[in-house]
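Scrolling down, you'll hit the structures one after another.
Two complexes follow with chain A in common, the first pairing it with chain B and the second with chain C.
So, the complex of A and B:
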């Protein structure tokens, strides 16, 4: 039993408590100090110049090249200092920054596919007033490239390069299948026939599975839909346009071709293929004979193709009434977020970095890997080869266009669902498209309650050069 | 066959199976180290070579010099250590409150806390970003460190399991001797829970060390970047400097391996005793 005196802690306990309190105080103080230190560097030494933040997604050699150009720009400036930040090339940081309203002054971490969405949300500013007041002009670019930069009659972006999609084929496989390797398919009917001839099964028995696939029809819905003449979006009425007889016709063609090889069997085969950026690339190993690629694929071939690998290329063959020489354009776009505090300085930097003189150094170099956006740079001797002339014609073709619609990720998710449901036989093309249209349209109505930017000036408010 | 021979056969086959499994698990690491020492042309040669020829130690030098590796390493150490310290302190304190102290709302609040485990990070990512932005913390290490001071439900649960194995009598005796709850937590429960704390420390440290998305979202200055983002700089849009990436990755995982080796005994004990194994 405790005596009344026993409630008083002994001296050693008091000392222990004192030590403990001191320890806790020390921990708290050091935590506060650490948290203060965690705020990181406050600013750079910029000699009083206006510092603008620039986010880039280019890494590796591209970042090295870009870094040199930015250093050069900073040396030439007595007013502006560009502080670049590498934000990894998946551009997710940019999406979160826009959603959270904490963006840099200028960025090239926006895909062309996302421009319409950001423009509709008033997250990026139109560049037209800046362009008008500068020595730069959209006339430096071909009409399709100009259109890529524009949405709803406003220019929202510029770029140094422009990407396109087309088809590459394995010449040796053509030869083995009795096809002329120098004459790729010219019509869609011919293309389907070639794909059949080039497909091989294990033990020559379709039940044993695919060994070589002439062409993977799965997963290319946007490119093919564009070739078939489908438009995706009307910005003036904010209406999705894919639920049309033409789209139904296209999906029926797609399903007919996929059914030839079996949907499940084809899915299984495609999921077993190796990484594109490696020698296990299925095109280089001969598992896929014709593939949809971008112009940058040439570099992959140069790096990883086995000796003597022969390849050719051609534009998507169009069906009757479709679009010849069609392609979908894309690019890493230089844009100015609405939250930018230094829009004029941001524009000055964009105008400089996307100008032909810089683009030549960034894009072309000794071995071009991408097609430059500016027409003047496209005429550079570095592009004077049959391959690059083909890419150039494709990029500047009247049927080259970018995908410009808001909620692009949602749209793509629903389009992939349409493909999946139709090809697996879960729904008819019409059923799948009606469901897609209804779902997408209700999402658009939910997100964008204001009238489209064409009927309002909100998109350009506060933007003065 | 006598019993001794049967035991020997079981033992040999058991060890052989474990060895084979160990090799399977070690292969990716061996390939990583091997690739880090290869010249670029040899990395994807059509016949895979395990042994680099010639051995390119230069890859390591180049990897460290291509990106500000030392700076990124210090930043990573800072974030990982502070997060680990904060998690250990906060989770053990909360776990003590739930496991040892008897109070009225303990059970419902525990369930509320557990419910947070079920919320995927993607759901909370943007709201949390907006909160940090409004606090003015974006662009600093604070969003990466301070949340650790508010405990993590999973580790609280893990530590609770361990704390409950401590004999109640021991705690009652301490109470009778005049110890406050904080005293019992600090002087009795924590020293007895070393293995479980080591598990939490190891998991937190490796998670913070390897975290990519957190630093990517919250840091806006490349000078503050951690190694996981730094390594991405070897990857361009359509290609990668694999030899440098592998060399830098090898250096990056060395501390985690060393940490595991030093803590192995305590770590395994902690996993066993906290019921994590089940």
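So, the complex of A and C:
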């Protein structure tokens, strides 16, 4: 029917294109269906076992130990099969997974300070009913560790290890500064004095810049605030507690010490330092003589320290009225996402992997690299050294606590801003804290969709006692 | 006859629809639906996990009351008003230098374009090293230069060797300098534009006694104005989306002292780490309107200054 002048393709060409299009559409649809089918979670293995997915953030030596344990678990099971996935150490991926509703059945990729965020949004399930029906019990852990697993009167997680923070120092630098290397500072005043003595300037002239910094006061606001006796959050009134005279006092102390070395020059110096996990580690090169570390730092020293490097350690010195032997606890938490389709199997695996018999192989091994969470494992001979005894005492200290509040990342972001604004002189401590409180309270109001609890219980404390 | 014609039109219509079908589907799914959703979400308290809760204009009111909004806008405008012109000037200068018939000129063009192929994250990490206050190549170079000046008795002309990314005064200039490394793409568009300028115009002006500078100002720049305008608009829109470099350098925090807290970074922080998708959606819409209004203004203002050969 086409006219001779028409530019339209002949009808047969049209039909050919139509068929081609239909073919392409069919291929596309089949590909999408196939991809969906292949990537979707499978419930059963070929031998009929229930398959559960597990995400881990551990790599290297830990992953190797973990893999062996999971293989052992799978061999021992005729009901469950654990398929593990390494999701690197960026735990932010969990947020995306939770938001997308595409979570594994078990994950150990949740930090302790994220538990409140997930729990408040019902993204993870309480483990209490599973714990009650099993042979496992929270009594296997010390009170501070137990509290780390709890939020709003529920247990949401278990872990194999527990992390803490304290201070390490360079003994050689102490000696050179005329300080006794076997006697670390015992009081806060002594600590500040040591930091001053250990600091060196280029050409002995502060104008030429810092050469060695006794202690970097910048960037440790949470640890120090906790030592000063500051609480961060009241779950009963759902208010942030940082806007207090004690916090003001702490920030004034912080500013006084930072000002001794100059805020900008100190920050410039800190930004020029090498990577922690490398031979350029500033503690090992002698550029920082006292640093805040976790118990895992021992491994870094063993890997990269120059021959003859001598180091010591001590807990944060507390000011009068502060908390002695205080530390902030954290851990990679085993949790069950609400979207898990095999919660009982997920719990069975968590109960097995976090049990002392497995923890001892995972955490202690031939040489411990981290502190185990379970009290029974902490008594293992592998931990019977002065260093690990110190870490053990710190972790179980009544002043060891985790941070548990909703919108943790926002809270940290604002706390870092408080530090920057005060130290740069942009705001007084009181101004910065008032602004922080107002901003955080307005953000956190979005989190709660029910009225605040009326009763006070120890288990619901924002900061564990 | 009429029926057959109608059937043919229907078939053509169907064929056309089938051709554009995948695009329409993708457009509806990946553009219309998310854009529509974000309008609704901007009116909700939404954390990405629980169902959104309608709160009206509360997010918009909160944004305008938040000092961070103004800080991030100020930083973003800094990049647009200073970074974009500097980058345009630099890339145009490079293009003019490379618009010559010299032996091996294509090698120079390739070398200058090459950094564009580096991923932004890798480039940012590399420049963090170059800008290291103590050991970075840039400060080491500045110190050597200052030493040389001092040896000549010209120490008073010494340049500062700042902390760059650790100093709020220098963090944004450092980002602009870093951006110059990736001007190869813009330079290439300028080069194409320059090669489109008729040689006859230059020859005629030369015969009339015009020197190099006058020819550039009165011939090259007007003839190149549509290209400059295009690159300017692209840089302008890119400035509003400035994110990756600041995210890598500040670790997401926008420091030091919020000096690298750009609008897109603030939006990302609210959406993901801070669980405030509704608030971030409102921020996105505000950004859209700011970009739209300013782009329209730029189009309006530049209408008389851009010369299109086609008329």
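Heads up, the rule we're going with is that the second predicted complex is superposed on the first by the 404 of 465 C-alpha atoms of A that agree within 3 Å, B and C clash if a C-alpha of one lies under 4 Å from a C-alpha of the other, contacts with A are read in each partner's own complex, and residues count from 1 in each chain.
We take it that a residue touches a chain if its C-beta (ideal position, glycine included) is under 8 Å from a C-beta of that chain, and two chains touch if they have at least 3 such contacts.
A quick note: this is a predicted structure, and the numbers were derived from the prediction, not measured.
Asker: So, does A:67 touch the first partner chain B, the second partner chain C, both, or neither?
Answerer: neither
Asker: Give one of first, second, both or neither to describe whether A:171 is in contact with chain B, with chain C, with both, or with none.
Answerer: Neither chain B nor chain C is touched by A:171.
Asker: For A:98, using the defined touch cut-off, is the partner it touches chain B, chain C, both, or neither? Pick first, second, both or neither.
Answerer: second
Asker: One more residue to check, A:277. First (chain B), second (chain C), both or neither?
Answerer: After superposing on A, A:277 lies in contact with chain B but is clear of chain C.
Asker: Applying the document's definition of touch, where does A:49 land relative to chain B and chain C: first, second, both, or neither?
Answerer: So A:49 meets neither chain B nor chain C here.
Asker: Let me test your reading of the model: by the given contact rule, A:260 touches which partner, first (chain B), second (chain C), both or neither?
Answerer: neither
Asker: After superposition on the shared chain, which partner residues are touched by A:296: those of chain B (first), chain C (second), both, or neither?
Answerer: first
Asker: One more residue to check, A:238. First (chain B), second (chain C), both or neither?
Answerer: After superposing on A, A:238 lies clear of both chain B and chain C.
Asker: Could you give the residue numbers on chain A that contact chain B in one complex and chain C in the other?
Answerer: 17, 92, 96, 99
Asker: Can you check the complex and tell me which residues of chain B touch chain A?
Answerer: 44-46, 78, 82, 86, 89, 125-126, 129-130, 133, 138-142, 144-146, 149, 178, 182-183, 186-187, 212-213, 216-217, 219-225, 229, 232-241
Asker: Going by the contact rule at the top, pick out the chain C residues touching chain A in the complex.
Answerer: Per the stated touch rule, the residues are 4-5, 8, 11-12, 14-15, 18-19, 21-22, 45, 47-50, 53, 62, 66, 132-136, 162-163, 165-168, 253, 255-258, 269, 272-276, 278.
Asker: Give the list of chain A residues in touch with chain C in this complex.
Answerer: Within the complex, chain A contacts chain C at residues 1, 8, 11, 14-15, 17-18, 21-22, 25, 28, 92, 95-96, 98-99, 117, 121-123, 209, 264, 267-272, 407, 409-410, 413, 416-417, 420-421, 424, 426, 439, 442-443, 446-447, 449.
Asker: Across the complex, what residues on chain A touch chain B?
Answerer: The contact residues of chain A facing chain B are 7, 9, 13, 16-17, 20, 27, 31, 34-35, 38-41, 53, 55, 57-63, 83-89, 92-93, 96, 99-102, 104, 277-279, 294, 296-297, 299-300, 303-304, 306, 332, 369.
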